[in-house]
Amino acid sequence: MKKRVIQFLLALSVVMIPIGAIATVSHMSEGAKVEAKAQKEVYESKGFGEMLYNFWKQTGIYAFLHPQEGVKNAKGDEVTKFQQSFGRLIMIGITFLLFYLAIAKGFEPLLLIPIGFGGLLANIPLANIIGDGGFIGELFKAGIENELFPILIFMGVGAMTDFGPLLANPKTALLGAAAQFGIFGTLVGAVALSQLGVFDFSLQDAAAISIIGGADGPTTVFIASKLAPDLLGAMAVAAYSYMALVPVIQPPIMKALTTPEERRIKMTTKRKVSQLEKMLFPLTVLVLTILILPESSPLIGALTFGNFVRESKVVERLSKTLQNELINIVTIFLGLSVGSKLAAEYFLVPETLGILILGLVAFSVGTAAGVIMGKIMNRLSKEPINPLIGAAGVSAVPMAARVANRVGMEEDPTNVLLMHAMGPNVAGVIGSAVAAGVYLSIF
Amino acid sequence: MILEAVKYMILGMGVVFVFLYLMVVVLDLQHKLLMKFFPESFEDSSKEPPVTTKREKLKKVAAITAALHHMKNS
Amino acid sequence: MKKRVIQFLLALSVVMIPIGAIATVSHMSEGAKVEAKAQKEVYESKGFGEMLYNFWKQTGIYAFLHPQEGVKNAKGDEVTKFQQSFGRLIMIGITFLLFYLAIAKGFEPLLLIPIGFGGLLANIPLANIIGDGGFIGELFKAGIENELFPILIFMGVGAMTDFGPLLANPKTALLGAAAQFGIFGTLVGAVALSQLGVFDFSLQDAAAISIIGGADGPTTVFIASKLAPDLLGAMAVAAYSYMALVPVIQPPIMKALTTPEERRIKMTTKRKVSQLEKMLFPLTVLVLTILILPESSPLIGALTFGNFVRESKVVERLSKTLQNELINIVTIFLGLSVGSKLAAEYFLVPETLGILILGLVAFSVGTAAGVIMGKIMNRLSKEPINPLIGAAGVSAVPMAARVANRVGMEEDPTNVLLMHAMGPNVAGVIGSAVAAGVYLSIF
Amino acid sequence: MILEAVKYMILGMGVVFVFLYLMVVVLDLQHKLLMKFFPESFEDSSKEPPVTTKREKLKKVAAITAALHHMKNS
Amino acid sequence: MKKRVIQFLLALSVVMIPIGAIATVSHMSEGAKVEAKAQKEVYESKGFGEMLYNFWKQTGIYAFLHPQEGVKNAKGDEVTKFQQSFGRLIMIGITFLLFYLAIAKGFEPLLLIPIGFGGLLANIPLANIIGDGGFIGELFKAGIENELFPILIFMGVGAMTDFGPLLANPKTALLGAAAQFGIFGTLVGAVALSQLGVFDFSLQDAAAISIIGGADGPTTVFIASKLAPDLLGAMAVAAYSYMALVPVIQPPIMKALTTPEERRIKMTTKRKVSQLEKMLFPLTVLVLTILILPESSPLIGALTFGNFVRESKVVERLSKTLQNELINIVTIFLGLSVGSKLAAEYFLVPETLGILILGLVAFSVGTAAGVIMGKIMNRLSKEPINPLIGAAGVSAVPMAARVANRVGMEEDPTNVLLMHAMGPNVAGVIGSAVAAGVYLSIF
Amino acid sequence: MILEAVKYMILGMGVVFVFLYLMVVVLDLQHKLLMKFFPESFEDSSKEPPVTTKREKLKKVAAITAALHHMKNS
């Protein structure tokens, strides 16, 4: 894999170096041209030279080379000199890194490619793509400011999710509950570190950031746009990147917390699930939400709507539309919109590092909490429970469940945990939507 | 402010657990009731259609081949 | 079928009863927890107790149990104490009934499931789903307030409708005209009953309600959002429910008004229809609309646009998009938006009962008028006309045409009326769009 | 107000009938003109393509089977 | 083909003449009815007669026959008496002509049918279809005013375009550059003719119009909505019509400027293109845009985004959505919205003729410039270059490339130029986006 | 104003040519570098899959036919 990284960086430099060189050359040659023209067309020399100079001042090269004080971006926010020059180049590099992760590594490409491209476009100097009237700015207004896009994605997720494995063994939902400690534990940690002066987050910001531990994209975008819109870009990037990195982050934690014997536990009991049960499930969950936590109802309402459309079996065409066209269109729009927050002036701020670190902590803590809960349940319950499936409770559907399965198989190749892990996995989605509702009820 | 955060943590984890625990309880209850009142809904009706389809497909292919064989021989 | 109803209600109680019980228990146990915590964490007892109490006040259970005076919903409209408590529960029950009708009975599931779910979400206390910034509120603004969604649906309907049967026997369009008496007759009835003090509808409200007799969903939503936005929810539910109930409502009326001999009449003459004719048809209808009734042109314009895209045969991909992705997406959005008017504060008002009754009357009167016109035409015309196909003139495509066919077959199994009934059926769509235009030109 | 409603009823039904009656008249006229000037457009060209396709499909299947038979025998 | 034209006009008159006749008759008969009614219902004679008269005044016939001073359309713009009467009829005729071109001739039906129908609807008197709250008016606000629709179309174009042929022979891109002389040459011509008093265009209007020479639909709509929104309708119609007429406009110019020997030149060298190269291409182009011409980045950003989604090969479902559902939906919306500018009050103005003439000039000049550049390059380069492929540089993908191929084959049936012509063809799209950026940086 | 237009024309054509010329230069450079460092990416891997698919399809058809033949004969 390392070879491929080097290859990619080489490929990148294939693009970047000559462009840099050419940019300089073109600068010179354009200057030369100005002179040449100035001689040829004497009568209007000053006019045309001025025109060329004005044009030169509108090039991106000029903007990169001559950052200025007090410049504002398309949305009226100030951009420092560093952000205008190196900042944008760094961000462009980061978006290329996201492309690399998406394409060569296969990490959440559906989101990282639109987000990365949105970020690329957001870092173009002088263009008005993310402002009012710019197309990404318009998309942002159309669906992020008013929560519409993450909600529509959640409908699609609901329509794509089979809750059967959870219904076959409902008590594994508690593993999905435990893993939400990634959220609330991180909240405490973030606040503590802010008190110690390591970070500088308000309570509300800390809460928003901790939701990354929910390992759920739309929930993260939803909460970020409500509680901390300024941090949206970094939060979304952190959430999707770590979700993609689940196969890297989780296994060491899972192995550290379990014995080989525990990892070899085979799970057997699975009760039969009827179609009627699947159909009632979204309604049951929604009624519970209404009774206990109305603030979660946009998220859980959308999820259960999609799932009800799926399981009702009588509106196949709506179900297919939710699972395909609608979610695809919204994914493109959401990705580009979220990407607009990768503009240097929003991303290259001290908070970003804190978000990236805290997000990673949240993921790890959530994984650990899920595994520990699995160990506890294994001891208390009659039927054996393999603690590895607790790690799937963070959600990150279906990656986390697959990781649990794989780690189990490493110990015993005949031990198929996949379906057992899907229960806590989908419960984790509900769990983090509940956690989001708690935050919304507080703030 | 840490105290605040700890309180929120307890509240949050409490609500998450209460919610999912209630869900477990209700789903168990629901399952038992459905097993009692709609036992037929638990029969594996969902797994048969694909089998039938495959069979039908095979039959179709067989029929076409037979027809073609017939055509060629005549 | 009765058995299934009982089953469903049982299934429903499986969900509702334990939840009710649990809700109470959870209330108590949460109270208990408060105390427990209060002991454990003495130093901050008051703070945490208060926090828990604040949370408790934000649960749905609390909101149901403690309705308050002067509460306003997300849109700023007042909600009475009854509507806050029992009202919402009743509405949630009604949405479950809609699900039952859609799933177990197969009644217009494409609309009733999104509408029902929208209604469910609209009755969640404290949540802001139907207000500004809430996702259904945003969908409502995006497509109902400005007439866009019903128009887009009409485009899809146009792209899905084959007007061939009407072109094969154009004079059956008059049956589609007669059936619109369901609209205008009901208008007079509604006004008369309002005069008598039975109902309390203004002339404009009465007109809006009577359009339910047009038996056409998008037209009803379109007119309701223009003339009587407050009644939108009840009107849409009435329209779609009665359209679904056509096989129940129409046959007795059809049989009462015809003799078995009439029902046995076989129709034979059908002229050939050329593709050129089909292609010119939408243009012809639109030109007529322009000349006679410009106010109908949004509805008829959309319908004929969709049909022209279909019959032009050169833009297959646009035609497919209108018939599939676009209409599916808009159906979801329209359903959820319309469902938001099933909030207790909008639906549980005296007008609703009147709307449901008048809607049923309108359907019945329309059916009767179509059949009677069929009898008249049968006498006047040279070719025999089976009066049953007049009932299809109410529109409710293609259900009403199928009902006409089935009632005919009951008398004579060899008598296939389906294609003959499709003529008045699609003419009924145009007829009610014309009626809608008349209302728009008056009010 | 009932009088108003009755007037609107007459107007409304009148317009609906006039509209659809005119439509009938125009469609009849149009049909006659098209029959006269474009008689060829009324020939059943629309029903043939599926037949052809089926035939072609059959031919294809036949060809494949023949080829396979050949392959097997050789 | 002539026969078909006559046939169509006949078919048209089949619709128009009887309608005209009937309209008059209906006018009379309605008048008669008024009297009849007046006798029958004496007690309310005046009231009902008045009602009928009011209705008559709301018919389209009345509006056509009785144009009035100071009438304003749904958008608040004044409509002259001529525009209200004959003007609208002429425009309706023009939309029928567009339908004819689209259906019988197969000229860009995907755009001309929605645009034509939008134009038809925009010319309906008294209806509020293109104003606030009217459905086309809402579509216009949703996607033309804020540049969203052309940008989304460009994404789809990017996802549909294979830049392989350009990568196989990059230097043919210069032909795509030369053909943009159609744009800038026309700018000078338009300004000169305005100076001479032939036309009356401001510099900005002249620039906007000249972009028609870019032979690219979305770019034209984008620039028109930015620089000259009043001219949008005529510009879009001109652009799409001439793009459709490429097989008619280009060949004579191409033949006039080349010798048979030149047309027989066979091109051979084509280097291999790797998938990695295709994937880097959109990024390379975008980086160049950022450095040199940030103002072009909305257009080129959207194009390269779509192409990157395509060539990354890891987000197949997004790529398919861009190429199908999304572009289809947006094409319908864009077409209808653009069509709204075919209202008589916007289209039947002196400027339109100028736009149509200048657009044709721009196309011709662009073609000529491309061919001449081809001749020059053929002489300077080692490998033979057939000057015909220069004509494809105007873009109008893929029509212009096919025309180049066909003209080449007329001279030598074994000479397949198609793939060689695709290079300048797609380069022309980039070239006109760059030209658009130049205009945006100036104005 | 004509002078203005001419100036814009020169500017515009200049920018278009510079842009596309730079593109050509960069693409050439890129091509050479890719040829040197990733020669394997230029191997015709893209043309093989369809062939394989066709082969597989043929194999499938052959297998089905063989199976059917077997079934019929037994």
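Per-chain residue numbering starts at 1, and chain names A, B, C, D, E and F are given in the order in which the chains are listed.
Here is the rule we go by: contacts are C-beta pairs under 8 Å (C-beta built on N, C-alpha and C of every residue); 3 or more make two chains touch, one makes a residue touch a chain.
Since we're looking at a predicted model, the values are computed, not measured.
For subunit D, the chain with the farthest CA centroid is A. Farthest from subunit F, judged by the mean position of CA atoms in each chain, is C. Under half of the residue numbers found at the subunit A and subunit E interface occur in both copies, marking it as a different-residue contact. Rounded to a whole number, the gap between the C-alpha centres of subunit A and subunit D is 50 angstrom.
Remark: subunit E and subunit F have CA centroids separated by 29 Å (rounded to whole angstrom).
Mean C-alpha positions place subunit C and subunit E at a centre distance of 39 Å.
For subunit C, residues touching at least two other chains, in rising order: 11, 14-15, 19, 26, 55, 276, 280, 284, 288-289, 292-293, 325, 438.
Touching of two or more other chains is recorded for residues 8, 11, 15, 18, 22, 26, 30, 34, 38, 65 of subunit B.
Taken in their complex, subunit A has these residues touching subunit E: 11, 14-16, 19, 23, 26, 55, 58-61, 63-64, 92, 96, 99, 102-103, 106, 109-110, 113-114, 117, 120-121, 124-129, 133-135, 138-139, 324-325, 328-329, 331-332, 336.
Note for the complex: subunit D touches subunit C at residues 1-2, 4-6, 8-9, 11-13, 15-24, 26-28, 30-31, 34, 38, 41-42, 45-46. Of all residues in subunit E, only 146-148, 151-152, 155, 276, 279-280, 283-284, 286-295, 297-298, 301-302, 305, 308-309, 312-315, 317-318, 320-322, 325-326, 438, 441 touch subunit A in the complex they form. Of all residues in subunit F, only 3, 7-8, 10-11, 14-15, 18, 22, 25-26, 29-30, 33-34, 37-38 touch subunit A in the complex they form. Residues 167, 170-171, 173-174, 176-178, 180-181, 183-185, 187-188, 190-192, 194-195, 203, 206-207, 271-272, 274-277, 280-281, 284-285, 288-289, 292-293, 427, 430-431, 434-435, 437-439, 442 of subunit E are the ones touching subunit F in the complex.
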